[in-house]
Structures are given as C-alpha cells and as structure tokens.
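Here's a structure for you.
Just so it is clear, A, B, C and D label the chains in written order, and each chain counts residues from 1 on its own.
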C-alpha cells in the first residue's frame, strides 16, 4: 500500500504547491502538460508492459476532445455533461478493445503491424477532422464554449487536472502491484507461455489497449475544457509522435516516467523553443540516445540513483495463503487420435496418427528426431492445427481450438526449451501459474491472490533438493537451464491438468536432478490419477517412468505398447539401428 | 481511360516505384523501419541546389547527389543504424528521431524556403497522339529500364541472395563467409542512395523544402506493407495498388477519397494479410 | 557551404546571446509579436520578425505609443493551437505584454481569442478568410472579398477569360474564398467549370490537371497553400497548361513564387495587399530600409511578413487615438482610423482594413505589378 | 602431418552463465575428432565457440597455426573453417539452389547431386519447406561443397534416414582422405565411430573422456551417455 500512497501523495503535494509557488500561468502550463502526461502514462503502461507501441493515441484523445466540446456547447446541465463525457470515454475504450482483439486474435507477432494500423487510423482521423467543418469546425476548430463547470483554466480547472492525474497515477501504480499488472507484463515477456497457461492473450492486449485509450480519452475531455478549442492537430499524427517521444524519454517502464517526460520536455520546449534554435535537434538527439542506450528513459536513471540513496527495506517472507481450487477439476480421460494429419507448408509432418491412451498413467513418446513428436504435442494444444483427422479428449474434439483454451479443457504443457517468464522472479512465475484456472476476473484486481499458494506447489517446494525452493526471489534470467526445467514443470503442473504434456523435461539435468524430475513426474501422476505424455530420448528414463511407450517414426505410429514389448519390437530396433538408444 | 490518364498513371507508378525502392531495400531486406526515408529523398532533391551552391556544373548533380546521400547514410549507419538490426520497434523510433535531425540540419543549411530546380528537359513531346511533358516521358522510360535492369540483376546477382541470406539467418550467413557487418552497411547506404536518386528525379517536378520528406514516407510505407516485404514483385504489386487506386479514385471522385481509400486498404492488409499480397513460395 | 557555417554560427550566437540580450526596461510598453518560427509556415518567420522590428523602431522614432517607447517580444506560434496559446500567454501573463500582433493561422487565432476574451488588444495580420469578429480584435490582412472583387472582373475583361476552375486545399480558407469567388465570377458574366479541394496530405496533382484541361477552363483560381501550391504550379506548367489558362492565386507570394521557379510561372497572377515590387515611394522606402537593416540576403519581403509591420502601425495608431491600450477605448476609436503604410493609405472599417489591392504578374519569376485598386473595402468585415 | 585446428583451455557460454569449461583437443590434417555427450552438455556451445558466433571467455583456438580466438566468424570461414549448425542449418527463405551457391565456388555442389539425388530435383524449392532431415542433407552438401578443409558438424545425422547417414559417412571419409580435418559432434555412435579417430566425451560442459577411437569401446561411450 505504501508503495502506492507515498509516490501519489508526493505527486499530489508537489502539484498542489505549484500555483502558489509559481503563479497561475505556470499552473495553467503544467495543467496542459499533465493532460499530455496522462496520455503518455497510458502509452507507457501499454508499451512498457505488453510491448505494444500505439502510434495513434490522438485518435482517442482528439475524438473525445471534440465530443466534449460538443457536449459543452449543446448540453446545459453539468450532470448530463458528465454522463455524456464518461460515455464518450467508455466508447473510446470499447472501440480500442474491439480493434486490438480483432487484430491480435490468433497471432502473437502482429505488434509492428498493429502499430502501423494505428498510424493509418490517426491519419484518417486527422483527415476527417480537418475536412468535416460541420462536425469539427474544420481547420479553425471547434470553440466558443465554457469549460466544464465553468472551471477557470487559470484557476480551479488545474485542481481537477491534478486530481485526474493523481487518480491515473494511483490506478497504474496499483495495477503494477496487482495480479492484473503481472499478467500484462507476462504478455510481452512470453506470450506463448501465457496462452498455454490458459490466458486469452489477445483479450488481455485488448483490455490494456482499451485502458490506455480511456486514459487518452479522459485527457482529451480535460483538454477540451482547458484549451477552449479543439482543432484537427489534437487528433493528428504529430501530437501522437510527441506522446511517444515523451513516453520514451521519460521512461515507459515506470508509472511516473511518462508523466515526468511530458512535463519536463513540454515545459523545456515551451521555454527554449523561441530562443534556442538547436532545441528540436537536441530533442531528436536525446530521443535517439534513449532508444539506443537507455530504453528505460529518465525514470530508470533516476530510480537507479534513488536506490543507491535509499537502502531497500529487507522484505520479510510474505505470508502465503491457500489458493482456491481450480475452477473445474475434470476427471481423468483418454486421449484419442484418429487418422490425424498435419501439414505445414508442403511438408507432411504427421501422416495418419492413430492411437488411444489409457485415462491414467505415464505414456512416453519416443522416436528419432524429426519423427513428429513435438508436432504431436502442438496439435494437442492447438499451437498447430491438424489438417485432417480428429483428436478427442474425454470424447470431445480438441483439434480446432486456440492454445489458450487448452488448459481449461485440462491440458497443461511444458515446452522443449524451457519457456518461462524470463523477466520475472521465480516466485512471480509461480504466481502467474497459480492464478491460471483459479482466479476469477475480480481476483486480478485484488492483492491477495499474489500470495496464493496451492497445496501442490507447496508440496513441490517442500522438496529440499528442488532448485527453486531457495531461489524464489531470484530472476529467472539468472537461473541455469536445468533449474528452468523445474520451474516450467511446476508452472505447468500448478493447475493440476488431467493431461500433462512434457517435452524432454530431463534435458540438461544432472543425474541427481534427473532422478528428482522423474520422481516428481511419477508423484504427479499418482496424486492426480491423470495422464502424463512425455517425450524422452533417454531410454533409462523411459524404462523407469513409462506405463506405455508410443513410438513415432516419420509422422506415423510405429508401435504403441509397454516398454518391454517396444524394446523387443523389430521395427523399432530397425529405426534405432544406427543410434545408441 | 484516356491516353493521358494512362500516361499519368504510368508516371505515378514509376515515380512511386522509384521512391519506394529505397524503403523496400531498407525495410524489406534489412528490417529497419526507416521513418527517415523521406528525408533521404529530400536530401537527394537538394542535390541540384548543393551543386549550384558549390558552383559546380549541372552534370555534377548526379555525383553530388550520390556522394552527399552516401555520406549521410554512412555516418548514420555507423553511429546509429548498426545497433538497430533485429530491433524492429527501436529502428522505427530511432529513425523517427533521425528524420527530425535531418530536417533540421537541412533547414539550418539551406533555410526553410522553397527551392526551385528548373526542368533539365522542357517542353512536351507527342506520344500516342497526345502532348506529354518531355521530362516525364524520358523519366518514365529511364525508370522502366532501371527496374528491368534491377530485376535482372536481382535475379542473378549473388549479392541479392547474400542479403536475403543475411536477413534470414545471420549466424549461418557469417558461417558461410558473408561479412554481415559490411554487407548490411552497404545495403543500407545503397537503399539510401536509391531514395536520394528518387529525390533528384522528382526535384524538377515537385516542391522542394525541408518538410517535403513526409509526403513520400507514408505512401512508401504502405506500398511495402501491401506488397509484402523483400521482393521486387511485391513492390510492383504494392505500387500498382496504392498509386493505381489513388490515381483512379482521384480521377473519378476526388483526392480526399483516394487518400482515405489508400489508408483503409493499408489497414485491411495490415490486419488480414500482414505478410503482404505477394509471398513467393 | 560558407553560408551553412555562417548560419550555424548565428544559431550558436543566438543561443548564447538571448539570455544576456534582455535589457532593463524603463517605462516601456511591451508588445507581443506572434510569429511562425516552426512548422510549415516557419518560412515566414524571419521576414515577419524583421518587419516587426522595423516597425517598432519607426514607431519609437516617431514618439512611441502615447509617448512611451515600445518594446516587442516574439513568440513562436508556428505550432499547434495549444502550444501557440501557451507561448502567447507566457508573454501576456508572464512577461507583462500589453498588446498582441499576430501572424499565424486561423486555428491559433480562434484559440487565442478564447483566452484573450477581449482583455488585451490583438491585431491579426495575415491574409485570411474574413469574418473574425471579437472585442479587441483588429484584422489588417486581406480578406477574400478584397482580393477578388476587383481582380476577377479586371482579369476577365483584360485577359478575355470567362471559364474558371477553382482549386484549393480542403479547409476553411479556400472554401470561404471560393464561395465569394463564385459570386464575382457570375456577376462578371463568367462561369465556374470546376471546383476541387485537395487534402493537405496529397502531393499528386495529375488528375486535377487533367480535369482542368478537360474542363476547358481559361482561368484557374488557386487557393492551395505552401508546398502544395508550389507542387501544383510546377506540374501545371510541366503539362503546358499555362498555354491554356491563366492562374490567379490569393496566397502566392515571393517565397512560393521562388519555389515554383521562373520557368513555371508563365501567366501566374497573384492578388495581395503587398508585393516587394510595389513601386510607390512608401513601399520603396520600406524595402530599402528593410534590406539595409537586415542585409541584402535577408529573408525576402512578402505580404505575410510585411503584414506584421502593418499590424504594429495600426496598433500604434489605434492606441494613440484611444489614448491608451484599453480595449474598450480602442474599440471605440477603431472605426475610421487611418494610417499610412508601404501598402498605401489604410482605413479601418468594420475592424478590417480597407486598403489598396495589387494584382501582380509572376511571369519570369518576379512579381510585376500590373494593376492597383485603391481603397478596397472588405465585405467580410464586422458589422458595427 | 600438420595440425589444422587446435583448441586449449576453452571456456565460454551465454552472457554471464558459463556453459563449457577447459576443453582442449587438436586435429591433424586427414583426422577427425568425434565429440559426444548427452543433450544439453554443451556440445553445440563448443561448436559455436570454434565457429566464432560465440566468443570464448578463456582459452585459445588455433587455425593453421594462427590464433583466431577474436577473429569474426566470416573470416574464420575464409581461413578455411566450414560449419554446419545443429538448428537453423539452412537459409529457409532461399531456394535449395541458392543455399548451395551462396557460400562456395559454384559447381562443386553438383558432384554431390549423384550421392543425394533428391536435392537436384528440388533446386527451385524453398529450403524452409523441406523436412528436418532434408534440410540436414542440404546443409551437409552445402558444407561439403565449400572450399574449406576444417569442417565442424553439429549433429548432421539428426532426423536423417539411415541410408543417407551412411552416404554422409562416405563423404566424410572421402574428405579425410583429401586431407581435411573434421570435428564431428554426434549422438549416433555408429556414424561417430566410423568417422572419428579421436574422441571427446563431455558432461556438464567438461571433458569426461578423451582418448583415441582404438582405445575406447562402444560400451565406454555408452557409459558417458548415460551418466
């Protein structure tokens, strides 16, 4: 709580002092910069957390500015004015949500294209604004109205702006410390992993984009009152580009960074533009330097110095609480492949795979490299779509739904190269995994779920030998590859899926670690009485773990039987003739 | 579909093709979202003015154009761009900064005012029964020849394959003996020079001022996006769609519709076919 | 290249010099002069500044305003309205400026009026669409009615043209201008054969030129601005359309003409209240002292830049007559006030200036005045 | 006999994390070094250190008597070092023909079309559309056709059909006869034993077995693999 209240309080205090210290004109100026800063804060949150760079935030800023100008011109009562303004902000958010979810649906790599779409949209908006004189007043703009509640831009309106700024700051600071903020960060960190944890990432991106759009829209409402005029430049690309520069220089990873960037740069611009002819060049140079050398901007630099000054408090061991049960614990079920084909480009990867697993037990998948083992897991989770044939889990079709729906149907998956959230700590990784399938929407906006600890994760961490137990506060990027295998295993198993897919979980592990991993896998299976599908090269592990072995070769099932039977199988021996295993 | 309209269409197509070429090389091949592309066109357009300021004869315009653009490009590549390979977003941001920098530099050097470059070939010539500006006629021919040459070169030359290879798999490219550092630099400078040459060609037919670059940036970007990155065929299709639809709608209705249509078209492509219309497979 | 270094040096000197340049003011009236230093209109910044400085000097030499010397402070308004307003307010609220002279676009004007609210006198000087009326606002710039009412019939009779094609950028000023143009053309017995508005973002004029050609127009009224005007006119001549139709522009001034180039300016006319080549003694004298003071290679004079001189002259005349810079007193004194300027005699009527309008021929790359129309009143002025 | 490539005290990894430690060996002309070990023990890291896409943090690499520890990879290639990576082993966006012509004197590849006829049929196909095994063969032929005599191969047989593995074996033996040095990283012990003269077994980034082929039984190698 203190981490939200103290910065917000300091911000509020500083801003409230400005009129009496520097006079009402400076307050007027700062008021405008704060309005810009609110937009930049929204951009910073979106860009810094989810990695989406919006080039057209003035679409929302400008359109609600126009809307509220019309509201102030045409509507008499304050109450209705406020209702309609709120409505315009909500509409902006809804449009942003629809736009982003539509573009991001089914793709994880459309970031740059989305940016260009917002660029094209802002160009359209600017064009429409300047050539629709009946609606926007054209080039000369829409003016001749009183500010909201007759608040004087040189007087009380400033306090309204300060209020909104502080609320926006508190909101974002709070989000940073809530599960919602954690999930937003996870999107840019490792989107495929988040999808496998059951999160529909395009909707998360849509929500964050909608939030940044609503901040821009709110700022637009204030702008209309503050300026008394709205012109096409308020909906134009040039202002959008300014927002980006301010956000980047101020620092997109911190809530206060974009605010600082907007106020400092805009104020310096106002002060220096008239007299210092190299000002624009300087801004461009600073911007380039920030992009190249210091992506965290001013805020990052300041916080490094700040941390040197103020010693970090020793954080005490948080007191964890029991996590609620997963939303629906499904009974064990068989996995059934029927004539499943997979084609990528012109390459046939799976050629009529057919098998039915038991509902319980450990099934090891073996086969030479290129046999289609990982692809088999990919069609189960929906990362690749089978081109022909059916896949049934508990008699239900699962071969044509997106990866984020896998976990809710009871399928968890660990990838071949450990795929975790690299910018987070081990503890945060586990928290994200614990939220999966347990948290309802309101849990994301409450701090308590951050301390959730499921019984299963507790039992895992109780293993002294588990390399995670004493590393909860460590960054994943500092973790060796082998330890990441355990982390990803824990995350995949956290939601207790009835079907656990493990792709070479023992690769890169030491002998002792391999034993631990095989123990954990076996324990998981006995505890949940579910099904584990495991790709493994090491025959000793296969022998130790497997109830059944599925041998794949060139996209087809070569054998599906017990380890002993498979070992005696001549076809299998022929495939492995050249190899050791 | 009058003959003049067809010639105008050809002029617009060849002009947009030559303007976009540089971006197609730098964005399409090197994956640098070069927001300063228009500024290189602008510097190229200033070449005749630099030439006359230096008191050089007119035929020196071409070498002056190549030299000045190459110099700027080389400095920027060494100082900034080389850190940006493989960093798509950062390349967009940093080159946006570069574009401001270049605009301001040119403004300091040559002032804000409009410059004028006389047509090297004046008058009109008769084509398919109509009079058409001689300079345009010659340039259409030159650009067509240029692109035929480029297509042949691109198909045959090892350099083109090596650039493709470098972008596709930098590590392996090094392993087969490609000096990727130097190849990227040469590729970037080449792209900039081609933008500069486009500027030189445009100079006598358009407004010349430090702010002119933006006119050429946006459409080029959407050509590359609509056509698909990294192939001359894609470039051709993109140019055809963007210039064609704008010219057609401009002639049938008005320019505002043409402009908005191009933007909407680009959005649809970015959304539904982000790899562009042309994919060679 | 020497030129480049000089400019860099001047820039550095400016950067250093400014902070020391502010002198101690004793009983001075501060006047804010709003000039476009950045943005597309930035190219008018230098000539506007120079003209304003010249005016201030001459006003002070003639005894200032009500006996007090004036001091002008500049602010850059070549930026979006929100930022431009701030720059102006900084002078007003922060630096004690008591009156404004502004040379900027209409968006900025509307934004400023919303802030000034008649509390400070404001002289608006550039060519504009007319009909801006507010307490404390005085416009010296040419409005469409002034630029077109005498000129269109004159061109139609002397050049024997009757079929007009109207082309402009898609915003208020061109559209307002053309509303009036159509009336004048009809009245003089001509017809409008085409009307077209281009988005600012389009730099392609072929289809418009084709439409002009097909329309059989023998005169084209151009209300494109800046770079668009240059590009259009260059392409126009390239197609040989200068043989088919004369061109009349209401915002083609010396910089635009330089960009169009001598070879592309055949039959290109411009109508404005000022050209650097007006050969009256007053104009000659003004130009001479301008280039003497700011050097032979100073930013070329043009109607927009020179308008700042007009603005300050009007402001001085108004304030002297009113006896103060009080808006109410000035509003009361405004009607009928007269002053002399390089443009000729000027009279304020309906908060706008009745002035001489010149028609100039740009053929050959320099404006040659072909006709002057004395004392043209604006019909886009304010009703008293 | 001349020593073509040698490395000693070699260590390196990614960022701060050290993956391999204190590796050393030297290979004469006409000889082959076989490197083996379980998944993830640092074999590919060794290959990348030799090839140059990773910088060694310690140790020396000598190519034909010249220390190349800080030479960029493309120059190592020009000095005669050829490399076939384990993953991303071809240019996916290029055709098979382009893949083969890009790094070498063109024409040499054609000699191998008789051995691997499928490649000749697919010259115009994009490499990325081929299966893993086919891509391995393409990458292998690309490497063979290059004008290099120090050849580093990272798991060339992975996913390749048995008959093609034995063809690879023939090619490698032929190159040895011509005087090339080969460093072969393999899990397929049959191929490894057919080609290698010396062996380097690795576990957890460190050498655990260093001997000649003659002195090392297959069983001893299997021991290393299932430590």
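Note that in this section a contact is a pair of C-beta atoms (placed from the backbone, for glycine too) under 8 Å apart; a residue touches a chain by one contact, two chains touch by 3 or more.
Not measured: the values here are computed from a predicted model.
Note on connectivity: the fewest chain-to-chain touch steps from chain B to chain D number 1. Shared contact partners of chain C and chain D are A, B. Contact count check for A-D and B-C (C-beta pairs in contact): higher for B-C. Between chain A and chain D the centroid-to-centroid distance comes to 40 Å (mean Cα coordinates, whole Å).
With centres defined as mean CA coordinates, chain B is found 36 Å away from chain A. Computed centre separation for the pair chain A/chain C is 53 angstrom, with centres defined by C-alpha atoms. In chain D, the positions touching at least two other chains are 129.
Annotation for chain A: residues 123, 127, 131, 277-278, 280, 345 touch two or more other chains. Contacts with at least two other chains are made by residues 108, 218, 256, 259, 281 of chain B. Every pair of chains meeting the contact definition is listed here: A-B, A-C, A-D, B-C, B-D. Residues 1, 3-4, 7-8, 11, 40, 42-43, 45, 170, 196-199, 201-204, 206-208, 210-211, 213, 226-228, 230-231, 234-235, 238-240, 255-256, 258-264, 299-300 of chain C touch chain B in their complex. For chain C in complex with chain A, the residues that touch the partner chain are 11, 14-15, 18-19, 37-38, 74-76, 79-83, 85-87, 89-90, 93-94, 105-107, 109-111, 113-115, 170-173, 175, 197, 199-201. Chain D meets chain A in the complex at residues 16-17, 38-41, 125, 128-133, 157-160, 162, 165, 187-191, 204, 221-222, 225-227. Across the complex, chain A meets chain B through its residues 53, 102-103, 107, 110-117, 120-121, 123-124, 127-128, 131, 241, 244-245, 248, 277-278, 280-281, 283-285, 287-288, 291-292, 295, 345. Those residues of chain B whose C-beta lies close enough to touch chain C in the complex are 2, 4-5, 8, 11-12, 53-54, 108-119, 122-124, 131, 133, 135-136, 204-209, 211-212, 215-216, 218, 246-247, 250-251, 254-256, 258-259.
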